[in-house]
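One structure follows; several queries about it will come next.
Chain naming follows the written order as A, B, C, D, E and F, and within any one chain the residues start at number 1.
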Amino acid sequence: MKLPTGLAIAAGTTFFAALPAWAQDAALQAPAAAAPAATVDKGDTAWMMISTVLVLAMILPGLALFYGGLARAKNMLSVMTQIGAVACLAMLIWVIYGYSLAFGPESALPSKFIAGFGKAFLAGVTPASQAATFTAGVEIPEYVFICFQMTFAAITIALVLGSVVERIKFSAVMLFALVWLTIVYFPIAHMVWATGGWFFDMGALDFAGGTVVHINAGVSALVLAMLIGKRIGYPTERMAPHSLTLTMVGTGLLWVGWFGFNAGSALEANGSAALAMINTFVATASAGLFWMLAERFSGHKGSALGFCSGIIAGLVAVTPAAGNSGPFGAIVLGAVASIVCYFAVTVLKPKLGYDDSLDAFGIHGVGGMVGAIGTAIVYAPSLGGPGAADYDMGAKLGVQLLAVVVTIAWAAIGTTIAFFIAKAVTGGRVSPEVEIEGLDLGEHGERAYNY
Amino acid sequence: MKLPTGLAIAAGTTFFAALPAWAQDAALQAPAAAAPAATVDKGDTAWMMISTVLVLAMILPGLALFYGGLARAKNMLSVMTQIGAVACLAMLIWVIYGYSLAFGPESALPSKFIAGFGKAFLAGVTPASQAATFTAGVEIPEYVFICFQMTFAAITIALVLGSVVERIKFSAVMLFALVWLTIVYFPIAHMVWATGGWFFDMGALDFAGGTVVHINAGVSALVLAMLIGKRIGYPTERMAPHSLTLTMVGTGLLWVGWFGFNAGSALEANGSAALAMINTFVATASAGLFWMLAERFSGHKGSALGFCSGIIAGLVAVTPAAGNSGPFGAIVLGAVASIVCYFAVTVLKPKLGYDDSLDAFGIHGVGGMVGAIGTAIVYAPSLGGPGAADYDMGAKLGVQLLAVVVTIAWAAIGTTIAFFIAKAVTGGRVSPEVEIEGLDLGEHGERAYNY
Amino acid sequence: MKLPTGLAIAAGTTFFAALPAWAQDAALQAPAAAAPAATVDKGDTAWMMISTVLVLAMILPGLALFYGGLARAKNMLSVMTQIGAVACLAMLIWVIYGYSLAFGPESALPSKFIAGFGKAFLAGVTPASQAATFTAGVEIPEYVFICFQMTFAAITIALVLGSVVERIKFSAVMLFALVWLTIVYFPIAHMVWATGGWFFDMGALDFAGGTVVHINAGVSALVLAMLIGKRIGYPTERMAPHSLTLTMVGTGLLWVGWFGFNAGSALEANGSAALAMINTFVATASAGLFWMLAERFSGHKGSALGFCSGIIAGLVAVTPAAGNSGPFGAIVLGAVASIVCYFAVTVLKPKLGYDDSLDAFGIHGVGGMVGAIGTAIVYAPSLGGPGAADYDMGAKLGVQLLAVVVTIAWAAIGTTIAFFIAKAVTGGRVSPEVEIEGLDLGEHGERAYNY
Amino acid sequence: MKLVIAIIKPFKLDDVREALTEVGVAGMTVTEVKGFGRQKGQTEIYRGAEYSTNMVPKIKIEIVCASDVAPRVVEAVQASANTGAIGDGKIFVLDVGQAVRIRTGETDETAL
Amino acid sequence: MKLVIAIIKPFKLDDVREALTEVGVAGMTVTEVKGFGRQKGQTEIYRGAEYSTNMVPKIKIEIVCASDVAPRVVEAVQASANTGAIGDGKIFVLDVGQAVRIRTGETDETAL
Amino acid sequence: MKLVIAIIKPFKLDDVREALTEVGVAGMTVTEVKGFGRQKGQTEIYRGAEYSTNMVPKIKIEIVCASDVAPRVVEAVQASANTGAIGDGKIFVLDVGQAVRIRTGETDETAL
């Protein structure tokens, strides 16, 4: 049995992901007397509920604005609606079978890769059910855990769309999302976060979902972009972002919401969450400034979009490292991720010639990989990280690399399958007329702006 | 004495609204030993403070953007300022006499309908005062309760304006708000939420204010729209939303903030709040997608505005049901509300010919009624709801219907009175010149956009 | 030793700022038995983490939108990027040496004005470190305290820019920020908030940073505006805000976030935070409406920008008073601040002829002074404030005045030094060509809008 | 052929277009413009900064038509755009030497 | 000199500009306009309110050139803006009496 | 009557309008346009995608005036819009056959 419900298991030890148990904190916060059953602290519950809300804010309006501002005005509503609608779809299938596949009880399926349908339709979950945290004896209401994880599924599929907006059909998006979540997201979430999951058992470090969310979304986005082809006119035609103002607003909201994502991933309101919080501040601040510096060193002006891109790259990179690094490790990680993503987006992409409309791969994929691998480095106590004194960086690097490679392969194959199913049923791509006139009018019958 | 202040009553039993006491939760979370006096848990306080802030975010910027984006550019500032200003006014009169009338001690007034002036100017309230929750022995700081409820009053009056923007005078709005809050909102809030209130004593189910907020606002909006008359040019002239982008942003912020509204209405950070949270996720997700499906089945394109409208309809419908339903009941409720509102807005409204500018009635009024009545259904344990085994759906349906009908009548009469007072003093409606040129220039001397 | 870390000092008494200890609350919430060591309540931790996130939301997107909307379209990205980038810079130097200088251990430096470098690079801070609150025996994770205070430094320097946007170079902004934070912000933060700090020891009342943040930023902004000179074309050319819609959104986000700022400054989720919350609601509501009334009484239309300006003026004025006033004192304070700022901005500024682009001085500086002095008045128990029965208003007024005057002088001198350093290195001001064409193109090579 | 340029009040566009359809004009091109003239713009105030624009939003309609149709076009516009208030706008008529329909290459009056 | 006015589809602007450069036209002025004509606009629906605009976004290009160059300009525009579909637009040619370059005060053909 | 079309730099609008008022021009119509010409636009870069627009924002002013006033109008514009830098713009003068004031029906020079 994986997630204790109703009757929480007293001896519940560290349950999910790859996080040191902050024994010192636990000591401070746990009730002094031996707790015969796991207890729920309302402070944790409050923190996890607000964290969940913050992740929703990352999607709508956050990501919708970040991505939407980068699109052309004629596709604005299409971008926002696709993001909103796949998020809704993800929420529904999450409660129907997604949560069960990722975090449900074992079943006949190979439990290394996936759980079973035992909690389909949230069978057996009540307001009194509890889910474990990383601290023995401390639990949170299971509904809260379900909601928190639900928002992760929702944002991940929304991120993928960044590479194919401005040309993919709304119906194709919906069908793709359904298949992709089922065959790519739920298994990888299980592998990373559930006891018995492959990466989890390997001891891969992924505090808040660098692998599951960012590498996964980024690689899927790249594959999808190559499968669907370039936008008409790319790269010769002017396709400047229609509103960097909105992109900047989206960036701010993403940063704000990301504290729910990263510090919320501690599952408690404790010192681990606090560490994740400070790292999420400074890695991001560093990355924002370093992208602008990279631009200056490349002979260009430091740009607003560069600043925003750096912020996101930093947030992505610090995601797996949030509770697995000291603040100064995080600063370096943010800077490195920013510079690497800068080159991926401005040098690599034009060279390889694929059309990743909004750089979902260039920032989430590449930044995610830098973060996943960098986490093994900044985790070292010698670099201010929380690793134990006998931390073996080489071994951990191997584990991280393996997780990254498997994720890449899984995402690439799953995306290909999902795309061809979506294409077969819906056609996949809008007609050239609709693409030229804009998806807002062609797909939704509306204009974003009527001044 | 109603709201315990200073010295909380130890035996404080379920105090306000219509919510089962989640005995199991209480058992888990209450201190094991017999508590001689009610205690305040800082986790609850934190959750209620952030919930309060979330409801403010629903008003400004949430609703201001949602409504403003739907208006024409020439009226944008007028819409936003009217919303902001009535919210401010509501806050001031709330602390002066509103809180007292709704939640104050009994007085000579008929306490079924209204409390008295005993807490006018928050008499006797100090930082140490406490207010009861639904769990015996658990309380929150009274100032927090006052703030939380204050935001409800503020958003409700703001919602009403949706039907009359683009033509109502700013001064008329302010005077109308003053009278309406006094004779409509405070009494209905008392009836629904305060011990001794009529609906409360009847056992009407209204978790977070479907009756008080949405039916009330929606019906008042309808009456107000009919009293003030149509906009010049309606319905022949093009009156397309000036920025669906902003409406989409507002939608996202409303969804985000609504967790404060719905899950905050549990008054504690517990399993009940968690249930309200998951329901608010899935009902809304379902409603967002079902509106788009309704459009497709009606032979149109699924639209961005449809998605947004569905989201709001779902949020409205799940408001009374938030803690009174299981997740799958909520999904169905969202879908039904979405479809019903779709027809109200696209078929009924044109047929009846009234000009509800931003569909305050079509979505909040209609969605609120679907929610209020549907709550009696999804509450049934057989449908996954939290009702007791011997739940009598027929009886509860009768109670809900009665509450709805009384609210409709009360709102309609009160709105009529408030409007005629406002009209007599201020004239009510702007001149045709101002209406044509736009209320931004005519009423405020500004333009929203100077590119 | 100032901030207890790791091993919290059990006898830790009121540690930082100028706040009465709410003895009654403490009595209710502290564990009944004598606590041998300070404990961390997860409810406090949750509240302080979300408060921190709220303050970030005030900067990006809040202030970026508020200020950006007031600028001309051609400078939009410049405004937003300058705000974002100085905030990032502030975060980085905060963890490097700022936190240490403000809150670190005493050193050879005169500890009345500044702490030392003992906590540079957050030396010795771990996830288990704790920081004191205003209640003996109650602490919060030190990382949370560091993050919370970090956002204060970040927003303060961002506020300063309001007077010089549309003409100051990006590089000058960055260098100015570095020097200004070091020689102005860190010392004043130390003086106001750290034990042993000058104002702190004087007993100056400043709940959430009226002196440190607003007077400081406002005065610095004024001096900076005079040093850098007027914008080309000021005041004859039309320089209307390019999007009051965005300014209104920013206003809403600032209000929302300000609850983290003000109620978060209680450092606990308790009755003091609740009092700060209700005051932040009603002072602001009052100020928003009173600015519009001031416009009406001056013979103009009540305006949307007036409403927004009033909201900010109210928020600024209630900042020092948040936990130091009763709600009705706060209402009066908001009204007075609003009216005074109205005259500062519409009468005084044109008369004196300086070009404070976005009225950083007129609102933050002037509003901050009204708040700082007004706090001494509304603190009086006779006016509903929380002062003791023998409160000596005259004496406190003297203390407040002294703090204000010293802050003004310190800010003015420090700003002058910082500006001349920035000017010497970077040139300070963009060329007239760039200023006319807009800083977005000239400094960043982008346009904010491509419709 | 003639080019008839009409500067009108924005909210009159629908009326004018209908009037033109009635006299048989099938095509026209519309531009958003700002007009200076006798009509005064609104005064705007932003935190005490007062701007009296003198610039009033207007709509410019351009219609190319056969020379003999032009008088009727002018008349139709003048009748339909008229409110009697200052700022109703102007109509100017210019000569057009040649017209081409891009799609077909047809020229002159058959191109309209 | 002639003023050539071309109303074209927006996405054809780059093609037309290139074609004009080839015939030696160095300057032109571009305006975003709305066109009414045979081409029908999209139908938009907002919560049941249906708007069929009839107004289609177009680009207006204005080129002043020497009279003898005008035919080649017209030809170049017609060839490059043509898609064969309704709504490709129109070209109109008017006489210009005088041209001045503001910077130098040069007049007529040297001013272009 | 003449139609004077001036393409100028946006920030020169106020100067030009004042100059025109001095020569007695009471009305004019202003349009935001984009200009191609000798003046090069800024280079913009968005995540490595470089766009050199060649399109520069300009203001087009249209003034209809009596033929004898036209030279003074041209002169006033040329003097006031001049900065001496590339891109200052052009002035074109065309013949106008007829003018009507919509409000009153007055025609020709009294209509201006």
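Quick note on the criterion: a residue touches a chain if its C-beta (ideal position, glycine included) is under 8 Å from a C-beta of that chain, and two chains touch if they have at least 3 such contacts.
Which chain is which protein? Per UniProt: A, B, C = Ammonium transporter; D, E, F = Nitrogen regulatory protein P-II.
No experiment lies behind these values; they were computed from the predicted model shown.
Looking at the partners of chain B and chain D together, the chains they share are C, E.
Steps from chain C to chain E, taking the shortest chain of touch contacts, total 2. Of all chains in the assembly, those touching chain E and also chain F are A, D. Of the two chain pairs examined here, A-E and A-F, the one linked by more C-beta pairs in contact is A-F.
Interface chain D/chain F: under half of the residue numbers present appear on both copies, so the contact uses mostly different residues.
Mean C-alpha position of chain C lies 48 Å from that of chain F.
Chain geometry summary: the mean Cα position of chain A and that of chain B are 33 Å apart.
Centroids of chain B and chain E (each the mean of its C-alpha atoms) stand 53 Å apart. Touching of two or more other chains is recorded for residues 31, 44-46, 94-95 of chain E. With touch defined as above, residues shared between interfaces to two or more other chains in chain A number as follows: 41-44, 46-47, 50, 240-241, 300-301, 303, 305, 445-447, 449. Interchain contacts (touch definition given at top) occur between A-B, A-C, A-E, A-F, B-C, B-D, B-E, C-D, C-F, D-E, D-F, E-F.
Taken in their complex, chain E has these residues touching chain D: 2, 6-8, 31-38, 55, 58, 60, 74, 77-78, 81-95. Those residues of chain E whose C-beta lies close enough to touch chain F in the complex are 3, 17, 26-31, 64, 94-103, 105, 111-112.
By the touch rule above, chain B contacts chain C in their complex via residues 39-47, 49-50, 52-53, 56-57, 59-62, 64-65, 68, 76-78, 80-81, 84-85, 87-89, 91-92, 95, 121-122, 126-129, 141-144, 146-147, 150, 170, 246, 440, 443-451.
Residue ranges on chain C touching chain D, taken from their complex, read 235, 238-241, 300-301, 303, 305-306, 309, 345-347, 349-350, 359, 362. Residues 22, 24-25, 28-29, 41-44, 46-47, 50, 54, 72-73, 240-245, 248-249, 251-253, 255-256, 259-260, 263, 268-275, 277-278, 281-282, 284-286, 288-289, 292, 300-305, 307, 311, 327-328, 331, 386, 449 of chain C touch chain B in their complex.
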